[in-house]
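The following block contains the structure, expressed as structure tokens.
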Amino acid sequence: MNDKKAIKITVIGGGSSYTPELVEGLIKGYDEMPISELWLVDVEQGRQKLEIVGNLAKRMVRKSGLPIDVHLTLDRRTAIKGADFVTTQMRVGQLEARKLDEHIPISYGVVGQETTGPGGMFKALRTIPVILDICRDIEELAPDAWMLNFTNPAGMVTEAVTKYSRVKTVGLCNSPINFKKFLAEAYNVSEDHVLPEFVGINHLHWVTSALVDGKERLPELLQGKTEYSAKNVPTMGWDPEFLQSLGAVPTYYLKYFYMMTEMFEEMKDSLQKNGTRADVVSRVEKELFELYKDESLEDKPKQLEQRGGAYYSEAAVHLMQSLYLGRNDIQTLNVPNGGVYDFLPENASIEVNCVVTALGPIPLVPKHIPAHVKGLLTAVKTYESTAIDAAVSGDRGLALQALAHHPLIPSVSTAKEILDEMLEAHKQYLPNFFSEE
Amino acid sequence: MNDKKAIKITVIGGGSSYTPELVEGLIKGYDEMPISELWLVDVEQGRQKLEIVGNLAKRMVRKSGLPIDVHLTLDRRTAIKGADFVTTQMRVGQLEARKLDEHIPISYGVVGQETTGPGGMFKALRTIPVILDICRDIEELAPDAWMLNFTNPAGMVTEAVTKYSRVKTVGLCNSPINFKKFLAEAYNVSEDHVLPEFVGINHLHWVTSALVDGKERLPELLQGKTEYSAKNVPTMGWDPEFLQSLGAVPTYYLKYFYMMTEMFEEMKDSLQKNGTRADVVSRVEKELFELYKDESLEDKPKQLEQRGGAYYSEAAVHLMQSLYLGRNDIQTLNVPNGGVYDFLPENASIEVNCVVTALGPIPLVPKHIPAHVKGLLTAVKTYESTAIDAAVSGDRGLALQALAHHPLIPSVSTAKEILDEMLEAHKQYLPNFFSEE
Amino acid sequence: MNDKKAIKITVIGGGSSYTPELVEGLIKGYDEMPISELWLVDVEQGRQKLEIVGNLAKRMVRKSGLPIDVHLTLDRRTAIKGADFVTTQMRVGQLEARKLDEHIPISYGVVGQETTGPGGMFKALRTIPVILDICRDIEELAPDAWMLNFTNPAGMVTEAVTKYSRVKTVGLCNSPINFKKFLAEAYNVSEDHVLPEFVGINHLHWVTSALVDGKERLPELLQGKTEYSAKNVPTMGWDPEFLQSLGAVPTYYLKYFYMMTEMFEEMKDSLQKNGTRADVVSRVEKELFELYKDESLEDKPKQLEQRGGAYYSEAAVHLMQSLYLGRNDIQTLNVPNGGVYDFLPENASIEVNCVVTALGPIPLVPKHIPAHVKGLLTAVKTYESTAIDAAVSGDRGLALQALAHHPLIPSVSTAKEILDEMLEAHKQYLPNFFSEE
Amino acid sequence: MNDKKAIKITVIGGGSSYTPELVEGLIKGYDEMPISELWLVDVEQGRQKLEIVGNLAKRMVRKSGLPIDVHLTLDRRTAIKGADFVTTQMRVGQLEARKLDEHIPISYGVVGQETTGPGGMFKALRTIPVILDICRDIEELAPDAWMLNFTNPAGMVTEAVTKYSRVKTVGLCNSPINFKKFLAEAYNVSEDHVLPEFVGINHLHWVTSALVDGKERLPELLQGKTEYSAKNVPTMGWDPEFLQSLGAVPTYYLKYFYMMTEMFEEMKDSLQKNGTRADVVSRVEKELFELYKDESLEDKPKQLEQRGGAYYSEAAVHLMQSLYLGRNDIQTLNVPNGGVYDFLPENASIEVNCVVTALGPIPLVPKHIPAHVKGLLTAVKTYESTAIDAAVSGDRGLALQALAHHPLIPSVSTAKEILDEMLEAHKQYLPNFFSEE
């Protein structure tokens, strides 16, 4: 592998509070994958954050003693030119928009959340045109680059890129890697000794097999003795009888569907007490950036781990290395369906175990797909694909149809009311829908 | 065709108030399909009704002057022996059970209806074991007979028969024939000049094409100027914008899914004012049987048409004749999917245009399946297939899973509560679930 | 249906010896489908034939007393303009080219035949560009017209049109209608009392069910007592043991595959005695045109029936009427596969029972597909699709690949030799392959 | 992994000349996978060979100093009891039968070969019932054992086991591993740096991608500068133009299909000069066993490598270790299709890249399947599946159908003649076909 050239990485949304984690990961992995240039790029509104976080990045690199050039810029095209990897971690409309995504649906009795339901759809409507605009630059300036997409809703954004651009892309979520870590910890082995099988799409998957040292541990997991949940979703127990009948461990995001009433109630209560998740994150971010400003800080601060996206950067660095080295190891990624699930369209984005080769991920054929998952998967994917087309076209009819078909929406009339209010609220970030103006 | 033998028809649930309509249809169609024996069979609790309706049937036949022997019996095996057609129109638990199916879900904030949701599931749980018991008799005593199933939920009952017996069966609903009549009337042509295409399953289909004299009239229908609804579903307008974006005319039963909130509210109001649909039907039936008792009555009374199942018998006689004569005409029927929809299991029951040959219906390949229908269809079929397995096995876990995956159920915990109460309420009709007792 | 306008029919290759049969059919069917204009169009080389056959057509119409205008022309665009139906019956390169198609392969030990093998491929290579050129005219001048294609290889030509143009097209072969007539005659019923099911593609299908008055007669047919073959294929018995094991009646064209050795030998013998089939046809045609010249002839002469394409025009008129009237009857036609056979591409042309509506044919879902047919079908369709792409692109590599994958070709080296010789022999009709010159 | 118990390996056909290679592999791999017992079992006719080769095995183990017990036995059930791995390398009817498989077809002008064509079919007909008999023992005495099948035709034998038994099985061929070694050598890297993608079934696959250090080298391979062939197939160049148009590297066994004429001629010539391949192998084996007898020999002799099955044992030991250790590495194996190729039946055996987990191999989804491979694959798989059913049932009709559908057979009549002669010739090894006697 010695003849591989040192690489250039471009981070879109480089001013994100997550960036120090990524930088730490790249430094740690330098021996396997040497980086010559790291470009952090952001938009005008994020200039201040970019500088704070960028300077921390520079201090971290300096401390490492490695020959990595860190560039901070608002000039996206220069940042992209010749890149080997482009990562995207952005929030169009910032946390203010997220707040609306969470608040408005709840006022109509519907779950308000930034990755699914009306909130998730509007995040997609705002984000997809921007991502595709970035793709135009990549097609022109770095056609061989891999785009690693972390931007939520990650499945939909990745699907939009594969459908509407020629950019090579993989979608990435920390949910699978979290489950692997949980499993490894629960059985006291290292991570390379566990192999869970995930069936589904981003934020809507079931674990249908859980090998630990070659032994199937699923039946034990279904007894529900070990509770598994991520930090950014309210913990809430699964009904053991239901879990047994499912025959699979649902991801915590499935609680929005299987326990809609309770999740909605908890959300409403929490809103009154703590504000939305956006509010919480807003406070955490403020604190983080205060820390980052400290010129003596030369490492990723511990507090960052509470931020919710733990292990994102580990997953990202891991993926980049396998693509760079052709490591042919197994990772759980968002890729086009192809023929993996015969009940979903071929170009739908799915989240599945893959062997990561130098030419890209190759999905593994799932051993077993429980019949019951097909209904929910098809229903949600129908919503997703329609919403993607709506985002690209700015077609209000498609947006209505997408929302009306979402399993969390009780009625077309509710869909219309939410749609009207949210279109108006996010107007400035939805030029496709308001193009004549 | 002259060498065809005269045939024997057996009506399971012969004491139903619908029977006079069927008798009228058989008399009218005698020239094309001569009947030598008509057996009306019922259970002990229905003895009185059977006698009233059976005697009216005898008077109708006598008036026609045709050589049809009408038999009334409680002995199912004798009635089935050597039959050419067996029709089933039954309600296990009578209207009392229907009342529970409609009341209990509403008390949990969920639609209460006898063909879908928790009510529909429990009607299936009660009915399927009885139907399969009848199938055992048919396999033994009339192995060449066609079973025409009208019993609701017709799609699920038909699927249960094809999965768990060797009986030749077709499921029949009056919804497609009603749409054809509406279309013919709207364009002032006779019914054989219209050809709508139905995509979906029983009580969950969309009209995706509407040929009238070879001209596509769907775009006009989607403008929503003509409102189409059946008698037993509260009329309620579709949102025109939504209809346009669907690109297909949804059946009125789809309002339970697309307009859940409004349907639930209307149901709750109606419950307070008129009682459930079961109560209404109960009153209508009482009046009908009073009429039927009148010894001077020799015809089907006009009032029967208000009963809600208009044209059921026309559909039934039409289907029997095409099977008998090998007429190769197009009818919309519930048959096994085979390869018609690649996103549903091969043995799932679907409702689709068929050419009816003497050997049975052959489905037509749908011209166009809108992407958005796949989600809801797969979700509901997932519920249906799981519920069928629950009915056959008496497995509570499967019943829970079926209900929890039904799109009208907001939460697993609600599913469990409804399941518990309804299992208890219908206990006497669910021996599979309470077998130790 | 009375408001339907009288129609215009355009016959490409109007100077064909078959035309009188078509004219007879149109006259007989006038009451159901009134024709106002019949345009016979041909190329310069066919001028003389066009005049002879055209004048006979005029005499036939005059005798009928019907108000049909018969036009003879070499101006294709005028002929096509505003047409309701365009039929194509052409032979690019005339019988001389057919002779080469039959002779050259035989000299390499390979079957020489104008619908399959190297001969069939070269007929396709010559014909497809011309047909697509006609399609350009139809798209412009008669966009609503149906093109009925009889030109062999009919399946490939039809597939080319659906893949490479927007023209509405149906492919037609007399083989299925011949089988229906045979079946009706064998059981002494009229044709509307028989319903055989065909599985496969043009000239490569199996009859897997044969309903006569609603009774399955396939087992009797498989006993092989009735021999069925068409006039233009040497009669040769099927091995009864093999037929039984197939469980289906193969079309006579399948003898080229199942009995390759014998068919080749018979062909070689026949070549020595009678010349090729092209020679035979050439003699028959000469005689026919002598007859046609007779100014006192006002009817289709009996001798035409020996020509081999019996019932072609019956099939054609039948199809036009059903499209015109929206008759919704069952015909066996060449249409795009869609989802009918899941082992063939969606846009492959297949030959299958269809309901013919005013908007076009709707395929029926086959009841049963024997496993053994999939291998041969996929292999031959692979050849066909590759050859179509070769015809359109003029890519020699594709032509080689198509031929090398044809089951009648023993070796890539043989394929190359035949390809070289036939490309050279047909050079003047293959401008796509020799474009630089 | 330290808690893994030492394992028992049973070699069916232990007297094979290949056994020393396997023993060498097990000794070399002892550190990763400790073996406590090695059972070599054979039939009465092989007693002498078993003793010779078994004693060599004992000497090899003794020299290694490892605590492996080597058992020689004719008692299959004792050998199987409690085994962890059972390998099968047998030839029912010995080399005499192979001679017939090679000679008889050639006398009818058909390729005579022990893995495909009539020869391959008869090897399958003889072998499958014996393998399934062994499976009955494994099901009873070692239900958790993995059966590694090398017995040719490996794809068919493996498919028979998965269809007709509950034994966990994987089929293994040295052809993929040979290609990997060729690729590694050609580019001067170690084997773990190459990743070719194989599309197809055993002995009928195409390499559609060839990653070397993450770089796609297929275009270079298609230029045909490097000739790749195995020892037991006559070397013969591919036509470069054809290779380019294929866009994939065909396995050498595909020459029987793409170059049938030449392969047949070469075979016939070779037969006259050297006798069949069976004769050659017979001589080599004789020499090998002379060597094996030498009591001073304590290692696998170099000459074994000329035997043709090079790297079989490397592949076998590699596979056993990955199953034992759950190594999750990529190997090319014969496994059930599942949903990998949508044009082949789900239970068909295919040869595909798999990740080998402790619970068995998980196939990788192929990146690209050239359209042209589907025809030949479907045709040959149709033959294979039919022949498997024939082997199990002893149904002559199925055997005829299988052979008649094999692409190497020119005519049903030839199929019948070959079938008759070979059934008679192999009568003593085909009890299913001659059961009344």
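Of note:
By letter and in written order, the chains are A, B, C and D; residue numbering begins at 1 in each of them.
Rule of thumb we're sticking to: a contact is a pair of C-beta atoms (placed from the backbone, for glycine too) under 8 Å apart; a residue touches a chain by one contact, two chains touch by 3 or more.
Everything quoted here is computed from the prediction, not taken from an experiment.
Note on chain placement: the centre of subunit A and the centre of subunit B lie 46 Å apart, centres being C-alpha means.
We define each chain's centre as the mean of its Cα atoms; on that basis subunit A and subunit C are separated by 56 Å. In subunit A, the residues that reach two or more other chains under the touch definition are 342. The touch graph of these protein chains is a ring, one cycle where each chain has exactly two neighbours. In this structure, the chains touch in the following pairs: A-B, A-D, B-C, C-D.
Residues 1, 193, 195, 209, 211, 213-216, 325-326, 328-330, 338-340, 342, 353, 355, 357-359, 362-365, 367 of subunit A are the ones that touch subunit D when the two sit in their complex.
Looking at the complex, you find that subunit D touches subunit C at residues 239, 241-242, 244-246, 258-262, 342-343, 345, 371-372, 374-376, 378-383, 385-386, 397-398, 400-401, 404-405, 407, 410-414, 416.
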